[in-house]
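Both complexes below contain chain A, partnered by chain B and then by chain C.
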Partner chain A sequence: MSFILRRILFYIVAFLVAASINFLLPRLMPGNPIDIMFANAGNSMPPEAKKALAATFGFVDRPLHEEYFLYLKSVFSWDFGVSIKKYPQSVLDVLMRALPWTLFLAGTSVVLAFCIGSMLGVYAAWKRGGAFDSIVSPSALAIQSIPALVIAITTLFIFGVGLEWLPTSYAYKPSLDPGWNWEYISSVLYHALMPVTTLAFVSIGGYLITMRNNMIGQLGEEHVVMGHAKGLTDARVRYNYAARNALLPSMTAFALSLGSVMGGSLITEIVFNYPGLGNILFQGIIARDYPLIQGQLIIMTLAMLTANLLIDFIYIFLDPRLRKA
Partner chain B sequence: MRKSMILPAIASALMLTTAGAQAEAILTAVPHQTTAFAEIFNPFNQTADQRSVRDFMYEQLVVFNRMQGGKAEYRLAESFEYSDDLMSVTFKIRDGVKWSDGETLDANDVYFTFNLIKENPALDIRAIWEKLDSVELVDDSHVKVNYKEASTGLIFDVARLHTVPEHIWSSVEDPVSFANANPVGSGPLTEIRRFTPQEYVQCRNPNYFQADDLKVDCIRFPQISNNDQALTAAAKGELDWFGSFLPDIEKTYVSKDPENHKYWFPGGSLVIFNLNMNASEEGNKEAFNDVNFRRAFSMSMDRQAMVDIAGYGYPTINQYPSGLGRGYHAWNNPEADAQYGQYTEYNVSGAAELLAEAGYKDTDGDGFLETPSGKPIAFDLIVPNGWTDWVNTVQLAVEGLQEAGVNASVATPEAAAWTQQLLDGSYQGAINALVVGVTPHMAFNTFHSSKAMASRFSVTGYTNEELDGLLDSFFKTSDDGEQREIMNKVQMILSKDMPHIAVFNNPYWYQYNTARFEGFFSADNDQAVPTVHDGNPERILHLLSIRPKG
Partner chain C sequence: MLKFFSIILRNKKAAAGMLIVLAYIGIALAAPLITSHDPLKRVTRPHQEPTMEHVMGSTRMGRDVYTQFVWGTRTSLIVGFAAGLIVTVIGTLIGVTAGYFGGWIDETLNFITNIALVIPQLPLLLVLAAFIGQSDPFMIALIIGLTSWAWGARVTRAQTLTLRKRDFIEASEQIGEPSWRIICVELMPNLLSIIGFNFIGSVVYTIITEATLEFLGLGDPLAVSWGTMLYNAQTSSAITVGAWWEVFAPCMAIVVIGIGLSLLNFGIDEVSNPRLRTLGAINKAVKAQKKFDQSYKSAKGAAS
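Coming up: the complex of A and B.
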């Protein structure tokens, strides 16, 4: 069990380091929110009014270390303060409103990409050197290296603007009121179609290649030969003997991307005007909304670390060698 | 397979919702780009995403129509009158106005609101209490505002106060963070019919004082987060009243429905180049402080190309040596044009000659000029990253400057960093824009020494005592002739010294769609600044002139 203890300790330290960087990073960016807010207003704010405003947002001139401890306290009490851009809403409110959309959008696409990519990888490895493998595997590599932005914009332009088959923005038709009815749910699915597909499309390649390569390694192993020799069906050997073992490294990648789901798929959400965390973070950075940026990054960090911790646990079950470690 | 079942289902759902067309006149407008709406209807909030609260939900006292030479359009106030010494102004509040909940609106509410923003400086968004001494409640229909100094210009800010109901706001504990989720207002549209983060609909005030002129029953505000999305929605004909930068507008927007898709871009804010006279590099400082260098800079600017190429022809060229701008042509001093007009004509060889005469030459042989005292000149012109029309403008400027022998280059920091560099004076040169007011005074007043480095509009470090005096005296008189005289002198000083280099006036972004509504302002119907954006006080006049077709 010392393995688990060591891991947990490691994650606590990692969280502290991440939280500290998170505190420093926004403060290293040039510009401050109050100035930005009024940069384009015709009147210059008198210093007293600026100060009053700054105070309402919680910006009081304090030494950096004091601010740091206040920040740590707020992180551990799960209170990220008030958003500046969305004043007077609290950061938590703003983030929680966007969270379900991101979970849905990015979660669906990660799971889709993982399943489809791995299946294709298994198949490509099984028939390695065949027509399928020699077309699909190189194309997967090629697609993987196209920036997500290009794919998102191209899809948007072809299917949204050109053909007008699919909606170009929103999470659901704006005239609908959210509710558990078919009309609303279908609208949500319809609006998610393009963003989910483009997001999944980009990452399928990665899973495909990892799975294919692991699989090829496994296929040369003796237990696979043994399976064949026993006269088992191809499918049985492919999935129960080879794929099961080959899945381990892919699981790590899967868990990592599940963790990063919380960061929101920044580009996709902006291109498709999807009301998720990525879009919120982007707006927050432009407005130098420190509390919002910090809250968002903390949630991302936590999600990432939790996903890693979970995968550590899962590994213990999947890989008996670790239980003795 | 599942997807193929969803599509037809959705198609039928869409048909159902569009079939139930409304008899009500619902206008679709985009006053602001945002990622999500939240229910905040506090008219003093500077950051909220609902930009339909000021003017549409809470009326102002008086609107001064910039396109009609500052003509007063009375809103909640019926009239106003100055004291003889111009030290105070008394507003007479309109009789019989009611709040949307049926309570009476009178001078008490106005008086209350003035004091509310005094007690909470964070609400004083126009910073008026800096210049006010006190406010008196004369009687139920009169409020007297006492100034610290005589002024005929302060009213432009004072009359923009958005009065809030005392019977509601007096019991609000913290008016700064107050969300005002159930607004009670005085404007044309006070009732929130539906609200989602993606769209809200704001409808008719049942007790509106000008109900007869209001032909629009509701405005629908869809959430749009950037110009591309605005273009997509606009091209489909979904938006009636909006204002976005649309590239190649004739092709991308107008051609989709030439009958109805229209736009009008009157000249707005003044786009200038700032040269930092307190630059830290000796050579740059020497050059920027030399009027000959600034004149040569101006002569290297191909303003027509900036308008036509960088701005898609949308901006209005500005060749006034003082930077006055066509919008204020009525104030123009022809003498300034006659004497200094040559310095705003594009003439690179003339610029090179002027620099040579002033003693600039290439002493170290790097192909670029050094100052008369032999120090190198090399500077960046900063422009916010992604502001494409401006970035292209700066590129054209740099081309001209390099041709004249000046080592200038383009730098594109992020918008926040650009603001920061202007504010802390660490920039060398920059493109910038000045907000224009009812009179040219507002833009010129950025050169007043008291404003130096107080905002991103006053960052050149240029000061001139004579100019200060003239700017101060402008609003000390209510005599038109005298004001004109002062403005003539101001223009002469600025034309002679050329502390900033004006290139063009940004357009007011305004597009409209006449498929469902008519009565929009246009070049042929130029009643007022037509934009729907918050910050354009005249938009209330525009709303009242829009009516459904047929």
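Coming up: the complex of A and C.
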């Protein structure tokens, strides 16, 4: 169990680092940090609200370390201040409304891409040098180097604008009310089809290549030869002997890729005008809504750390050695 | 050095990648010669389809897309290589130091690296870029370089750790070679392929990320680069009004340089790790084996 404890401790430190970056950055900029951060707040916010907002970020006349603890206190009590662009809504409300869509988009596509990519990778490694491998693996390499931005714009243009098969914006038909009925769910799925496919497509190549290369390494190992020698079926050797071991480094690659998938999700949402964090951020950036921009770093870091913790648990399941440690 | 190149270029992937990269470098260098307009000047009517005069059409602002593409190539390549260099230098320094010296140095550096890996990149870059204001491409290169070294450090450290236990390193230590000499003369040459891999990968990553940040509106709107082209296209709804040519040029530019650099990278990887080869090499080996088996069998048949 000490493995999980150590990981959790590590995640707490990582979270503190992200929070400290938020605290230090405005103070490192030339000029008055309060003026920089709330430059656009003058017209929309009454002065007392502005003062309260400044206090949330630790801008009080005290020594720096006290300001720091004040800021940490706001972060740990889930107070990220109010959004300047969407005043008087709080940053947390604005972000939390958008977060489920981003998690839905990123989560669905990353799981899809990992499963499909890894399966294809196992197969490509098994038939190494065959027709499948020599077509799929180089294409995966090529796909891997195409950014989400380009794929999103291209699919939007072909299937959304050109062929008009799929909707070009929103997460569901605006005339529908959210609820657990078929009409609403089907509309959500229909609207998610293009962004999810885009995102999955971006990361599938990487998982395929990682799995293929790990698998090739495994196939040369003695336990795999042993499996063959025992007369086990190909499928059993492939999945229970080789793939299970090859999956461990793949999981590490998976954990490392989560950050870029989240980034990709932000971009995809903007292109498809999807109501996730990306879209909110795009508006926030244009309006220089600093509390919002800082808030998203905290929220995204938290999402990333939670996902990593989940992966740690999966790791324990996959690697029996960690259970004893 | 020449020999090194000729070995790498024998690999088809690497050669194709090299060709693409050289073509881009050519475009970037020859920018003033192959364009005749100012990339930021209105030279024709807005949203003109590609014609003989304006081969890639014009933007919403009536600027020539081809000219912007050519000058943008220059920006993107410089930013990509500059940030790639920063990433590689920091990553290699941290990775080698951690892997070679071990102990508390390794623990500290590894801890920092792991934290840098787990904090999501793009959200962090958004915060940095937002505070810096409208960052020009070089500022963007700097912040990407300073925040993206972790992956390279991790890989370099892992490789250094395996090399550290080899006999030739231990032998050098026993004859009392100073650490700097072991690192520079004994370790570095064996890390070259990983450092190269890291560098090229970082260049691709930077080019994509720079375009992304600028697309998000965090760049300097007056800079000419593929990212600002996409940003202007997005804000003028070029896609929804059907002006595909405004996004086609920067998109293709990013895709092709990405593929080119990746091909080069994986080509080099295959040269240094033959087990990863696809296509030709393995097929040839399999065929040769079959041929050998057959001739062996027929020889045996003839003998009995």
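The rule we apply is simple: the second predicted complex is superposed on the first by the 239 of 325 C-alpha atoms of A that agree within 3 Å, B and C clash if a C-alpha of one lies under 4 Å from a C-alpha of the other, contacts with A are read in each partner's own complex, and residues count from 1 in each chain.
Note that contacts are C-beta pairs under 8 Å (C-beta built on N, C-alpha and C of every residue); 3 or more make two chains touch, one makes a residue touch a chain.
What you see is a predicted model; the values in this text were computed from it and never measured.
K.L.:
Have a look at where A:I116 lands relative to chain B and chain C in the superposition and call it first, second, both or neither.
P.N.:
neither
K.L.:
Does the superposition put A:T168 against chain B (first), chain C (second), both, or neither?
P.N.:
Touch status of A:T168: both partners.
K.L.:
Pick one for A:D177: touches chain B only (first), chain C only (second), both, or neither.
P.N.:
Touch status of A:D177: first partner only.
K.L.:
Identify the partner contact of A:I270: answer first if only chain B is touched, second if only chain C is, both if each is, neither if none is.
P.N.:
both
K.L.:
Looking at the overlay, does A:R288 come into contact with chain B only (first), chain C only (second), both, or neither?
P.N.:
Both: A:R288 reaches chain B and chain C.
K.L.:
Quick one: is A:N22 in contact with chain B, with chain C, with both, or with neither? Answer first, second, both or neither.
P.N.:
second
K.L.:
So, A:N279: does it touch chain B (first), chain C (second), both, or neither?
P.N.:
first
K.L.:
Contact-wise, after the overlay, does A:L72 reach chain B, chain C, both or neither (first, second, both, neither)?
P.N.:
neither
K.L.:
Is A:L103 contacted by the first partner chain B, the second partner chain C, both or neither?
P.N.:
So A:L103 meets neither chain B nor chain C here.
K.L.:
On chain A, what residues does chain B touch that chain C touches as well?
P.N.:
Residues common to the chain A contacts of chain C and of chain B are 29, 36, 161, 168, 270, 286, 288, listed in rising order.
K.L.:
If we count contacts the way the header does, which residues on chain A are in touch with chain C in the complex?
P.N.:
10-11, 13-14, 17-18, 21-22, 25-26, 29, 36, 128-129, 133-134, 137-138, 141-142, 144-147, 149-150, 153-154, 156-157, 161, 168, 213, 216-217, 220, 256, 258-260, 262-263, 266-267, 270-271, 281-282, 285-286, 288, 290, 293-294, 296-297, 300-301, 303-305, 308
K.L.:
Name, in rising order, each residue of chain B that touches chain A in their complex.
P.N.:
Result: residues 3, 6-7, 9-10, 13-14, 17, 34-36, 38, 40, 45-49, 120-122, 124-127, 130, 157, 176-179, 194, 196-199, 222-226, 229, 232, 235-236, 413-417, 419-421, 423, 435, 437, 442, 451, 454-458, 535 of chain B touch chain A.
K.L.:
Which residues of chain A touch chain B in their complex?
P.N.:
29-32, 35-46, 48-49, 52-53, 55-56, 82, 84-89, 94, 97-98, 160-161, 164, 168-178, 182-183, 186-187, 189-190, 193, 270, 273, 275, 279-280, 283, 286-288
K.L.:
Which chain C residues qualify as touching chain A in the complex?
P.N.:
13, 111, 114-115, 117-124, 126-128, 130-132, 151, 204, 208, 211-212, 215-218, 230, 234, 239-240, 242, 244, 247, 251, 254-255, 258-259, 261-263, 266, 275-276, 278-279, 282-283, 286
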